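Consider the two complexes below, in which subunit A is the common component and subunit B and subunit C are the respective partners.
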Partner chain A sequence: MTDRHLLATFDYEEDLLAATDEVRHQGYRIVDAYTPYAVHGLDRAMGLRPSRLTWVCFLCGLTGALVALWFQHWTAATSWPLDVGGKPWNSLPSDVPVTFEMMVLLAGFGSVFALLGVSRLYPGKHARTPSIRVTNDQFVLVLDEAGSDFNLPSLVKLLEKHHVQNIEERLSADQASCCE
Partner chain B sequence: MAKPLDTKLPTPLREPQIRPPQIRPPLVEGDKSLGDVTRDICKPLEATPTGLWYAALCVSLTALILGVTAVTYQIATGIGTWGLNKTVGWAFDITNFVFWVGIGHAGTLISAVLFLFRQRWRTAVNRSAEAMTLFAVMCAGLFPLIHMGRPWLAFWMAPYPNTRGPLWVNFKSPLLWDVFAISTYLMISAVFWYIGLLPDLATIRDRSLPGLRKKLTGLLCLGWNGSARTWHRYETVYLLLAGLATPLVFSVHSIVSMDFATGVIPGWHTTIFPPYFVAGAIFSGLAMVLTLMLVARKTMRLEQYITPLHIDRMCRLMLAMGSIVGLAYATEFFMAAYSGNPYEQFVFKNRALGPMRWAYWTMVCCNVVIPQLLWFRAVRSKLALVFVLSIVVNIGMWFERFVIIVTSLHRDFLPSSWAHYTPTIVEVATLVGSFGLFFTCFLLFCRVAPVIAMAEVKGVMGFRRPAPERDTQETAA
Partner chain C sequence: MNSPPHPPRQALPTHGTTLTPQAFRTLQAMALGGLLVLVLGWFYSPLRIWSNLLVVAYYLVTLALGGALFLALTYVTGAGWHVAFRRIPEAMASLVPKTGIAILVVLALRMNQYGWQLHAGAPEGTDAGTYWFKQLWLDPPFWMARAAIYVLLWSVLALSLVAFSRRQDRLNPQELPRAIGSMKWSVRLSALFLVVYSITFSLASVDWIMALEPMWFSTMWGVYQFAGMIQATLAAIVIVGLLLRRPGRLLYGIFRTDHLHDLGKLLLGFSCFWMYIWFSQFMLIWYTNIPEETSYYIARMHGPWGPVVLVSVLLNWIIPFFVLLPKPCKRSEHVMMKVAVVVLIGRWVDLTVMVFPSTVGKLPVLGIWEISGACCMIGIFGLLFFKALTKSAPAPKNDPYYGESLSYHCS
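Up next, the complex of A and B:
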């Protein structure tokens, strides 16, 4: 990984998708891509693995359900058993609604906080965008110039085939300042 | 420091790519580019509000102030200011609670259930429907709080260690299930809405000039930069949230219905209640979304984003839900007749023919008879008519809850305790106040956040490189 990045700008998602796929298969290293909306198939084109956040969701949901179930059982049958309409103290069916709600609550919040944590999103964070138009109408592919086989002319040719609109070279540290 | 390369690029070769034939009408009309979408949707936020907006805000604020006055008065004086009596112990307040929770169901239906069913047209309406959900659930939550009479003791509903034993809350009570269901629903809806807003807040941040708006959106968008890695995780979490919110939306109104169904009152004690209430909730919620959308598309000039196609789909959904509700009304009557239980039979006869029959027949007309017009495409395409129909359904659904609650209670097992119920001015003012709160929140929302999810609309509008022959036509023109 070098600190020199090549930024290729596209106007259409189909160009970005095709270019990303081909660039990756040619062995160039993709740092990231920036798009105004979720482009379907870009994760496959970039070779991203399926997110493991589903596991976070499952574990948080499981924790929520188990804690809620245990707590209801403990309060109603152990801590202070109350006779409600002659029902058994440890009546399981009446615990189902709260158990379900707590499962959903913890699973939902757990996944969202995990997303924010893994993606390092927090209030007041200074956004590092390659161009202010990536949140509007532009698609940017960022490539790493590392490796002895990095061949600029052939890469430019490849990107041109996919209707690249602009090619720019930047130091990675400069990416943050460009949108100011 | 940016170092642009000295590579002068030739005009890209246009490969002949033909657009796929349009089988269905486009979701966004007017052949928009991505930039056009951003500009059109951000326009109402960046322009000064119209006179109509100010007028609407004045009316809503007046209603809200009326409500605040009424609530202050009834809390200071006591719940005796309501028209309740020994026989009718639940009436207006709980009707409003169930009504507002119901309204709140369409938002999650549109954002979660339709997302799972891959209904791409939802993107035009999901943002405002989710906002509507939040505000409606807030309004709903207020009614049980007011009903407590001593709302400052509301924290007693939370199971916290206390000095009274500790005496825990009763987890066997559907009213407590309600506390958990409604608060979970409110929090999950809020998170769903906010997560959906992140990319759009970043868009506003990047197009705003330095100032308060840029600072605030910069703070709230959490540093969103449109990175494909983040989008990838975001899509995963969005799907997970949709998967969680779908059973949640069904559970919430099922639990609300159990407030009644677990009671022994004839007319309440039926197993049909959970699906019946859920269908009714979605029905009323869709009607409210339609009311708001039809106003928003006209006043905010979003006709090309919320098209007659969207309205048509919403009408079809509403018709389906309304039909389920109609079937539930018929089933209730059949079950009462079939049960052989004289008390159950009496309640239903009393509903249709007793002193509250006006409320019952208003409900049937508004919810079952009039919505049948939606079978006709000619009706669904006349937006003014759809607007009137959506309001009719809202009135009908309010009456449904009133009928279920009051007619089941006012004539109970002992004729000596039969009573009539009339709401007092304080109760009516509280209902008006809740509408004031709802519309004030919604109007403010229209000013501070994009009412249409830009990032989602851009994803489904099928924006592609134009076909070469199209280019030639444009040049010739």
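Up next, the complex of A and C:
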């Protein structure tokens, strides 16, 4: 990891996808890609690992369901047995709606807050974008200039093959400077 | 997850095969053998055979209608993902008239099964306020005429949806802009179908299944039937899609892993929906505990039918839900095939639990008659379906969304 980043700007989603795929296969390190909207297949082109958010969601849902089941059983059958219409105290069907809702609630909140935490997002956070136009009509691929095989001329040639519009070198600390 | 690469559009085979000759002969043997055993069985126990025939015919007509429902839902939501394999639900929808006639014949065989208890007068303790209406509503001529009207409406609408789609195939390249115009009519027709379907199918399921116990009622019956129907339809689409995408087959290179993934998501969702609706119906009745409402569940959950009910929950929800949760499972041919088969068996168990305790009685039965019924159903559906599939081009190539359906990424 160096502190020097290379920013390649594209006009079209297809160019960005093809360039990302080829750059990765040539062994260059991809820092990030900025797009105005979610580009399908970009995660595959960047070689990102499958999201672990599904596991967070599943475990939160499981926790919610178990806590709700235990709590209802404790309140209605153990601590203060409730007689509802002569039914047994530990009637499972009556626990199902609350269990379901608690499962959905914890799974939903867990996923959202895990996502916010992992991406370090919070209300009022300043946007870190390399250029204001990535929120409108431009696609930017950020590469790390690390590694002994980093070869600028051949990289530029490769990017030009994919119709790169602009290539720019920045210190990583300055990456978001344009928008601040 | 990389989907296997599909051949480019121009390389698509236009005349792939559907099934091997052996598979066709097996289906024929299943259909004829099953039907023969059932006909012979009529002399042994008409009621049990008739119950099997009702399950078979109702299963078939809801699968066919489910194809039309899938088409209508995708048209009105402006979906494009399914277009490449749209001929599968279309072939299912084109079976609505034939399966509709089948259920009409089955219903006519034992018209008196419905509401015969009503002729003896209101049983003690029942609500006299609704009794006169039930007597009127389940009056055999009116009841049969209604069934015919349902089938007629479904047939006209389903066949029109299929015909509109096939009309696109005959357009010349320079006429392609007209394909968009014909789609507008498909959308309007679909909206009409959905309104007609939701009313008539609720009534039909009440008339044909719930009325087996005329004094019992559930206001959730219609949506419960819808849930089972759409779940089984999705499973059937998955199975035939996977069969037809093998090399050399009709949908090779057309039915993609992304389609499988999306169908898997829908199957997972509607399995949960089925459980949700099943439990909602059960819990309302369990909680209020009114004798005229609990009779249905007492017959099914207190006694030998209890384990069968648990099996239906296992097959329709527990297995599909936990197996299909991870993404790789929804993209795996083997897993999806097995889960779809499990769901279709679960649908059969579910229908058996609805019908048999009201007709055959307190003991669950699984003998040669039930197995013949299931074989007969698979055989008839397979033969009719694959025949209907070859009546048009394998894919709606002129549809404006065809390209999108062949290239979209699902993640």
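Please note the rule applied: the second predicted complex is superposed on the first by the 180 of 180 C-alpha atoms of A that agree within 3 Å, B and C clash if a C-alpha of one lies under 4 Å from a C-alpha of the other, contacts with A are read in each partner's own complex, and residues count from 1 in each chain.
Here, contacts are C-beta pairs under 8 Å (C-beta built on N, C-alpha and C of every residue); 3 or more make two chains touch, one makes a residue touch a chain.
Treat the numbers as computed from the prediction; the structure is a model and nothing was measured.
Superimposing the complexes on subunit A yields a three-chain arrangement in which subunit B and subunit C clash.
By the touch criterion defined above, A:G41 lies against subunit C but remains apart from subunit B after alignment on the C-alpha atoms of chain A.
Once chain A of one complex is fitted onto chain A of the other, the partner contacts of A:T54 extend to both subunit B and subunit C.
Applying the stated contact rule after C-alpha superposition, one finds that A:L62 touches neither subunit B nor subunit C.
Applying the stated contact rule after C-alpha superposition, one finds that A:S94 touches each of subunit B and subunit C. Looking at the shared chain after the overlay, A:E13 reaches subunit B, while subunit C stays out of its contact range. Partner contacting the larger number of subunit A residues, of subunit B and subunit C: B. Common to the subunit B-facing and subunit C-facing surfaces of subunit A are residues 40, 43, 50, 54, 85, 87, 94, 97.
Contact residues of subunit B toward subunit A in the complex are 1-5, 7, 9-10, 12-14, 17, 33-35, 38, 159, 165-174, 176-177, 180-181, 184, 187-188, 191-192, 195, 198-199, 202-203, 205-207, 218-237, 240-241, 244-245, 247-248, 251, 255, 258, 455-456, 458-459, 463-465. Touching subunit A in their complex are the following residues of subunit C: 1-2, 279, 282-283, 286-287, 289, 325-327, 408-409, 411. Note for the complex: subunit A touches subunit B at residues 11-15, 32-40, 42-43, 46, 48, 50-51, 53-54, 57, 61, 71-72, 75-76, 79-80, 82, 84-85, 87, 91, 94-95, 97-98, 100-102, 104-105, 107-109, 111-112, 114-116, 118-129, 132-137, 156, 160-161, 163-171, 174, 178-179. Interface residues of subunit A facing subunit C in the complex, by the touch rule stated above, are 40-41, 43-44, 50, 54, 58, 85, 87, 93-94, 96-97.
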